[in-house]
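Both of the next two complexes hold chain A, though its partner changes from chain B to chain C.
== the complex of A and B ==
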């Protein structure tokens, strides 16, 4: 049972980690808390769903297209909304993504209705029973995909020119501009990447989860807690926070009480914040 | 400069304006003799309006936004169908279908005014709005037990009929004066579930000994869990697991792992549709299926179950108050009409029909009372006459007790076989044999 719990915790955690990393990236770079991350995830799910329905694409294969579309959407949202809100008072900066999330969820409710949809035909199905562990292929493939995307994100942020520019802007915007980094461009790319990663998480989640316009709100809350657990401003911290959340969720449910598993998550969060106010990996 | 001038003038005018408003208010209160209007008097003036109007107004509360909006749209379509049957000439063989409008009220037509049912708070405020502003003589809708309780605050205060299919037994224990429920409550559904299991053991030698409960943590799940526990003891079944889960959970893996470990013969669930989808997907992923999964309606009695789960919904059981395979010709007639002209091809399901039937029964009572006076309608509900050969619901008709519960209703148990709900219990109404245990995922 313990091995099964670890496996399932990693699956849930990997999705939360992808949402959390997007939130941490935007917060770290431009000090904006992205409350719309859950809705970006939801849009990714719908793109995967319609690519599956119209072109018969498997959700995993639709990840590159979804990420590209969501990156473009993120760039547009940054240019039209975020960059302008950044010039306004702090409260507007904080609330603009909250309003955006509401518009996206309700807009989708009007466009596609609240009907619960699922992708029934996926490429990898069935289970492998190892006695001590039942491995569902419908979850194993998404787990591998989310780990791959996480690795790619780390590589991009740490090894590429644009990634270094984003990190430099996050550390000290004025100094970065002095050495010739276009901070506006860095902001825009960071927001686009954040949307793209959430979109990819949506594709992965649609492999085994239902799709409806309000699906993102639950994930957002735990994504934000994961960021705070890991430490605001640290992408690795957000990743670790997400994985930790997934594991606590499953272990608390199985070995303590299913009705109180989220209470356990919140107690662990409060304890960590009490002893390490900046989170596990916050600086 | 100009703005400054205006600001200065505004500052001078504001106290004067407030003074004038206060003076006018005091004058109006004095004119009314300082008398405060009682809610019932306010209601009376609305009744007079309704009597004078050409239509009898019924309020219907439905979720028009959010995750329940699709179910709300289905209920709206079914309500429209019954209203059209009453208001226009129809060949459907039920009372009030022949002529136009309500014959005992000189052909007055039924008019539905809708309100949005988002939460318990909106149930209260929307019910109040429909009664006081729209002159509704009664309220029906897609209520849960929790929203029924808040809507009842308004209907009791303003004296309006409330017909709700919230299934909590507590609704009839509260002493509401104007509350009615046509279909069974949770006690009947749960008792019949255990009787069904007992019947399977006796007739089919099913060997069912253990049960487990999964209940979401709002009033819906909590109420049913209490009744399930009580009856398990009474009927002699062992409860091997009892899970309450958060209705806001993003995953249900720990719940499913615990059930798999307990491995009950029968799993009884009280969940909404999103959770049912998630549970079934998770059970499939951990390669587990108990001998029987039986839902207490909710998400198990929703048309989205078929669209979201497809073949994975096969074998699921649910308690129900109505079924398309009832041996009553009117059931098929109504369903054909609904599919052809109102729902775009979607079949009527029990929870949709129940809400629409509430509106129809209220219209019958208004016609029998021959008046829009609420106490006359209440009296007509208690003495409702309905020809037994024109029934389209299971049971013997309508006999409401003092608490407002119809004692003639019958609960059914349906199983999804061949992609549709089929009645498997009680034996006098069953259409097909129950499959137990249901096959695994292979």
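== the complex of A and C ==
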């Protein structure tokens, strides 16, 4: 039973971690708390849904396309909105992302109705039965995909030139510019990547979750809490925070009370943050 | 205390004019919908002014004030529904409970800075929402409907016409507005502004930042709770959804920021503009699903991008610098 809980917790946690890493990337690099991540997740889900409907693509296979589209969208949004917002006070930036989220969610609501949709047929179905654990492939494939994408993200941030440029800009923008890094471009790429990751998370989530324009806000709240838990500026912290939250979510639901499990999550968060104000791995 | 207000002649005249206009306005309004908008404007003014104390003056951006709003609304609702106690009394109970909650939450949370404080308050508000959602004796997800025709209208604060609501709410708005103006010019206001500009410097000059942040948090919780109580009596129905999702907390924040954060008049102007926009878009574009919030979001983006100091900053050229939070 415990192993089953851990497994379920890892699945939810890995998706939350992806959203959280996107938020942490924007927070760490630009010091903007982006409230629009939930809506990027939702857009990713819809892209996966329509690709599945029109072209019969499995959602997991549509991840590269979704990531590319969302990256492009992220770059456009950055150029139009965020770069202007960065010149203003911090609170305005947060409000702009919040309003952006509202615009996206309601824009989607206008275009498609608010009926709940699901992906009907996925490529990998069935269960894998290990002795102590029954694993349904519909849940295993998302887990593997999200871990893969997380690994790719870590590789990108830590090993590639662009990743290092982004990290340098996050650490000290003026110094990075002195060394010749184009900080605008770094910000743009960072924003695009976090959109792309959120879109990928949407594809993965659409495997087993319902799709509706307002689905983003629930995940957003927990993603943001996961980031604060993990600590500012630390993408690994966001990842750890997301996984931790997923695990707490499932364990509280099973052993405590399903209805109040989110209260447990929030209380744990508030306790941790009271003792470690900068988060678990924060700087 | 009155000297603070009467010293500023421009403020006095402006205030008296606005008050006279506000008081005779209902005479000219025939449509109940317009009255409804004015009443909502009053509620949002209270919300904005309450939030402004902690967010605008003390600089601690809280994204969880919907919690206090909900506490205020639920205490009045429960009081009426279960115990038949008048909201005039229950609103004070609500304010006390909100103040206690602010003390309990503020202790650990006010140590956090910036984004962390915002996220922690969001988590607290979400906790509150889920707790209310699951408490069956307050109706759980369906909420409670506490329309009560047996007791006299002045006792229950449930009237059939809108005008009494408007005048009662206007009284509260005026009281809170004057209190904010007094605070603005008093030592407390200066301490809070010092804390907002640079907390460490404020501490080094001997200001007890913890105590004043806590005071600001308690005041703002109490005012927001009052607004919640009044709103519940106007709508005569409450449930967890209309009160506490993240949207409400952000909109409270929005009202103060758009009007002019950290100013006395800012939340009042912001509340007026935002409520008018949102209600007008909702009524005009009701047929297209979601269009009203879409337009609202677009307008918010435009206003916040081009006027970061809020609407009030257009009129105050000397204060037009960006308030770095």
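Operating definition for what follows: the second predicted complex is superposed on the first by the 280 of 283 C-alpha atoms of A that agree within 3 Å, B and C clash if a C-alpha of one lies under 4 Å from a C-alpha of the other, contacts with A are read in each partner's own complex, and residues count from 1 in each chain.
As a working rule, a residue touches a chain if its C-beta (ideal position, glycine included) is under 8 Å from a C-beta of that chain, and two chains touch if they have at least 3 such contacts.
Small disclaimer: the values here were computed from a predicted structure and weren't measured.
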- A:138 contacts which: chain B (first), chain C (second), both, neither? first
- Message: Looking at A:107 after the superposition, I want to know if it touches chain B, chain C, both of them or none. Which is it: first, second, both, neither?
- Response: second
- Which of the two partners, first being chain B and second being chain C, lies in contact with A:115: first, second, both, or neither? first
- Message: For A:99 in the superposed arrangement: first (chain B), second (chain C), both or neither?
- Response: second
- Message: Taking the superposition on A as described, I'd like to know which of chain B and chain C A:84 touches: first, second, both or neither.
- Response: second
- Note on the structure: In this superposition, the partner of chain A with more touched residues, chain B or chain C, is C
- Query: With the two structures laid over each other on chain A, which partner does A:270 touch: chain B (first), chain C (second), both, or neither?
  - Reply: second
- Task: Identify the partner contact of A:254: answer first if only chain B is touched, second if only chain C is, both if each is, neither if none is.
- Result: first
- Answer with first, second, both or neither: which of chain B and chain C does A:5 touch in the superposed model? first
- In the overlay, answer first, second, both or neither for which of chain B and chain C A:33 touches. second
- Message: On chain A, which stretch or stretches are contacted by chain B in one complex as well as by chain C in the other?
- Response: 106, 109, 113-114, 259, 262
- Message: Residue numbers of chain A touching chain B in their complex, please.
- Response: 1, 4-5, 8, 12, 106, 109, 113-118, 120, 127, 129, 134, 136, 138-139, 208-210, 212, 214, 218-219, 222, 249-254, 258-259, 261-262
- Message: Residue numbers of chain B touching chain A in their complex, please.
- Response: 65-70, 217, 243-246, 248-251, 253-255, 257-258, 261, 273-274, 277-278, 281, 284-287, 304, 307-310
- Query: Can you list the chain C residues touching chain A in their complex?
  - Reply: 55, 61, 108-109, 111-116, 118-120, 122-124, 126-127, 130-131, 133-134, 245-247, 250, 253-254, 257, 261, 288-294, 296-298, 300-301, 304-305, 308, 322-325
- Message: So in the complex, the part of chain A that touches chain C is made up of which residues?
- Response: 27, 31, 33, 35, 81, 84-85, 88-92, 94-96, 98-103, 105-107, 109-110, 113-114, 213, 217, 220-221, 224-225, 227-228, 232, 259-260, 262-263, 266-267, 269-270, 273-274, 277-279
